[in-house]
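In what follows, structures are represented as structure tokens.
Across the two complexes that follow, chain A remains constant while its partner is chain B and subsequently chain C.
And now, the complex of A and B:
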């Protein structure tokens, strides 16, 4: 027997979780772009969005993260390490691709040297994924072997009921179990009819793409020069990607004080790899685009056994020149064998 | 916390060449020093920083046989290196590391050693040189080939004199044509050419090679002509880095992260990387 969360109990759930010390975050339309934000009631949530424009990554790897506060005095320099807040959080209404993105990035932030800033937030967060009821032309989760109801990265997976009255619950982790324990009196027992999953056609042949990228002969192929001609190097696709994790460390302040920050950076930018000498290993937009594709579908898998793409399609959906990963991988799929 | 550096006190500063300085740094905190002593091996690197300016990546130029302090040698070129170059004894700077892999010098024991460096690339080589010279009995013949653009650009001039006077080290010094002074008595010519003239035997020999990409390219060809195999030639790569610990995503050459899998590689490993990404 499965359990059901009714939509009209959601406000009570939020209150119960808040009482248990959690902040509740969900998709919201508050600023110019939809994103994840703290909510007080179900009416604050924008659960009907196919996908927020900004990713859930922002909440674990913020655009700018203070690392160290420093004060420069006449005699000495004082510095203080800054740590992320330890607040417990529930993320309600995460799409499977966004939740997968978090799981994809865990090994990167955890290998060898553990990034405390990422894991302190991860360890204090519970992910409640809601399976998709709709998809758009840019969605490509199935192309990267995920699905509109993937439970990857989810502590709890909710499937929307056909009549829109609530969700059927699946629990995957102890953390998810504990979260539902808090609201157990608000849940119903039973099986509902769940909404059929949207059709997300496969847009490229992942096996062929990976084989082509893995062939060293293709690294200097003319293909890269042609496919990247349109790229203006704005970096939007990397900032809006749930798995892109590249960052810079910069001191920002005045003569006397400031903060050392970990800021988002992008492989699309020429300065990203520029040496002091002026030498730049990736000195053209095509070499930078190649890096992005190779990193996602070859290098990352070599290190961590998984491709660094969860198929959300934001890179294409929000590209100012209508480019994106899908087009490149389609083009590779269509190359003559 | 990750990304939090150790405070370091500047003990002394020495100008090596125009725009090139060496800082000798000591640990402010005992626990940081213990960590360094337990972890530092020759070839590893660190991020040297000044609050308000940022961090820059360069090698630890002092050997693993001398861990009471850290020496770093750098060319003054940006905000961080300019500020570091303007420090005085007693000033506090920061160090994060040691990171990366190392030269496996215990595997070099019982072998001849050939060190080849160009210009500002002597500092990483010098760390290995002293790590071996401080345990001289473990190694056979030691040859050092070092060249710079001009006589003024040669770094560690005092140590070059030391090596020249030692009878257990063969030092081959050269400057590029036009870079010599009237009283220059050593070679004039590019490193690869001078190396071939010096003709060290590849027999039971490990070569350690550091320099700018163009020098590496031609020197590798010269080493090959001398009979060295790529497995017996070691080098250290440098790329722009921000984290030093395999996360910030920029130092990779192909799939290889210089900060984690390097910076020390054999020439065979470097040749296996996509050359267009170097």
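And now, the complex of A and C:
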């Protein structure tokens, strides 16, 4: 027997979680933009969105994060480490691709050094994924071997009930179990009819793509120059990607004091690889675009055994010149062999 | 023959005669309602051009792409009036040689009909009068008036909330034909003049630097506004700056290519209200 969360009990759940010390975050639409934000009641949530414009990544790896405060005196340097907030958080209504994005980035942030800023937030967060009931032309989770009801990265997975009255619950982790324990009196026992999953057609042949990228002969292929011709080199596709994780460390302040910050950076920018001498090893947009594809579907897999893409489709959805990962991987799939 | 077929064959003719090395136009996009920039180097590729009311991007941005025109060869480009204005500005700022650009001009009327604009060299298009009488869409004017009617505090709050959304992706800059600086001030990092942090203050710095640098130079194509992935109403910034320049100097950017850049030139009768 599975359990059911009714929509009309959601407000009580929020209140109960808050009482237990959690902040509740969910998709919200504010100032003409959708993202994850704190909510007080179910009415604040925008659960019908296919996907928020901003990703959930922002809540774990903010666009700018203070690391150290420092003061340089005559004889000494004082510094103070700034720690990320440790508040417990529930993320309600995460899409499978966004939750997968977190799981994809975990090994990166825990690789040779455990990034406290990421893991403190991860350890204090519970991810409640809601399986998708609709998809758009850009969704491509199935192409990267995920699905509209993937539980990757989720502590709890909810499946929408057919009549829209609530969700059927599946629990995957201890953290998820503990979260539901708090609201157990509000849940129903039972089996409902769940909404059919949307059909998300596979857009490219991932195996073929990875084989082509893995062939060193193709690194200097004319293909890269042709496909990247119209890319204008903005940071839109990387900053809106749930798995892109590059950052830059900057000291902000004057000669005597300041704050050291961790700021988002993007491989699309010419400055990303610019040496102090002025030499730039990736001096054209095509080499930068190649880096983005190679990193996601070759290097990252080589290091962590997983591709750095969860198929959310944002890179195409938001690109000002209608590029994106999908087109390139489709083109590689269709290359004559 | 419809305008699309006509322009396809004109583009093909330019390429087969060798007059241009490349034609920049539009092709089909990833969904039925999207168009994407398409670069044709052969007459066969020119057959893929699409021209309809969805072709709204300002392709003149690509004319200032690094290295594109440095070989002295010509390129053809599909441009609407806003693109033609952009080319005028680029010529007046010495970023383009007029003889290097062959224009395939078109206009979109009533949001649906695509009509040809006669001419092929920039000097063929006398769009000056049209720009002067051009009024931005009502919703832009209404939104701008709403902001102008606010108190200074309210206005600051409004922009604070909008700019707080900025993620410094620089899409607004990258799609803008007028943002051709090889190294934008925010990318000058020895030392770092403008902080790279995307907190509200840093976002203000960036958006104000950009607004000031575009004053009197914006072609009002709306590319930045459409590109912004977090939907900051950049059109309102552009509208206000345009209005400011027009009332102070009776100047509208892009009227013709002989115009002197308004903030980089001096006239005896320029108003000097800022000198107390």
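The rule is short, and it goes like this: the second predicted complex is superposed on the first by the 327 of 337 C-alpha atoms of A that agree within 3 Å, B and C clash if a C-alpha of one lies under 4 Å from a C-alpha of the other, contacts with A are read in each partner's own complex, and residues count from 1 in each chain.
Note that in this section a contact is a pair of C-beta atoms (placed from the backbone, for glycine too) under 8 Å apart; a residue touches a chain by one contact, two chains touch by 3 or more.
Remember, it's a predicted structure, so these values are computed and weren't measured experimentally.
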Superposition on chain A - do chain B and chain C clash or fit: fit
Chain B versus chain C, judged by how many residues of chain A each one touches: B
First (chain B), second (chain C), both or neither touched by A:230: second
Partner chain(s) touched by A:248 [first = chain B, second = chain C, both, neither]: both
Which of chain B and chain C A:173 touches, first, second, both or neither: neither
Touching partner for A:79 - first (chain B), second (chain C), both, neither: first
Partner chain(s) touched by A:221 [first = chain B, second = chain C, both, neither]: neither
First (chain B), second (chain C), both or neither touched by A:2: neither
Touched partner set for A:302, first chain B, second chain C, both or neither: first
Contacts of A:272 with chain B and chain C, given as first, second, both or neither: first
Which of chain B and chain C A:260 touches, first, second, both or neither: first
Minimum Cα separation, chain C to chain B, after superposition on A (Å): 5
Shared contact residues on chain A - chain B and chain C: 248, 250, 276
Footprint of chain A on chain C - complex, ascending: 29-31, 34-39, 57, 61-62, 161-162, 165, 167-171, 173-175, 187, 189-190, 192, 195-199, 202, 223, 226-227, 229-231, 233
Chain C-touching residues of chain A, taken from the complex the two chains share: 31-33, 53-54, 63-64, 137-138, 229-230, 232-236, 238-240, 248, 250, 252, 261, 263-264, 266, 269-271, 276, 316, 318, 320-324, 326-327
Contact footprint of chain A on chain B as seen in their complex: 1-4, 7, 51-56, 75, 77-78, 81, 92, 212-213, 238-240, 242-243, 245-255, 260, 274, 276-278
Contacting residues of chain A [partner chain B, same complex]: 67-68, 70, 72, 76-77, 79, 81, 83, 108-109, 111-117, 216, 219-220, 245-251, 253, 255, 258, 260, 262, 265, 267, 272-277, 279, 281-282, 287, 291, 294-295, 298-299, 302-303
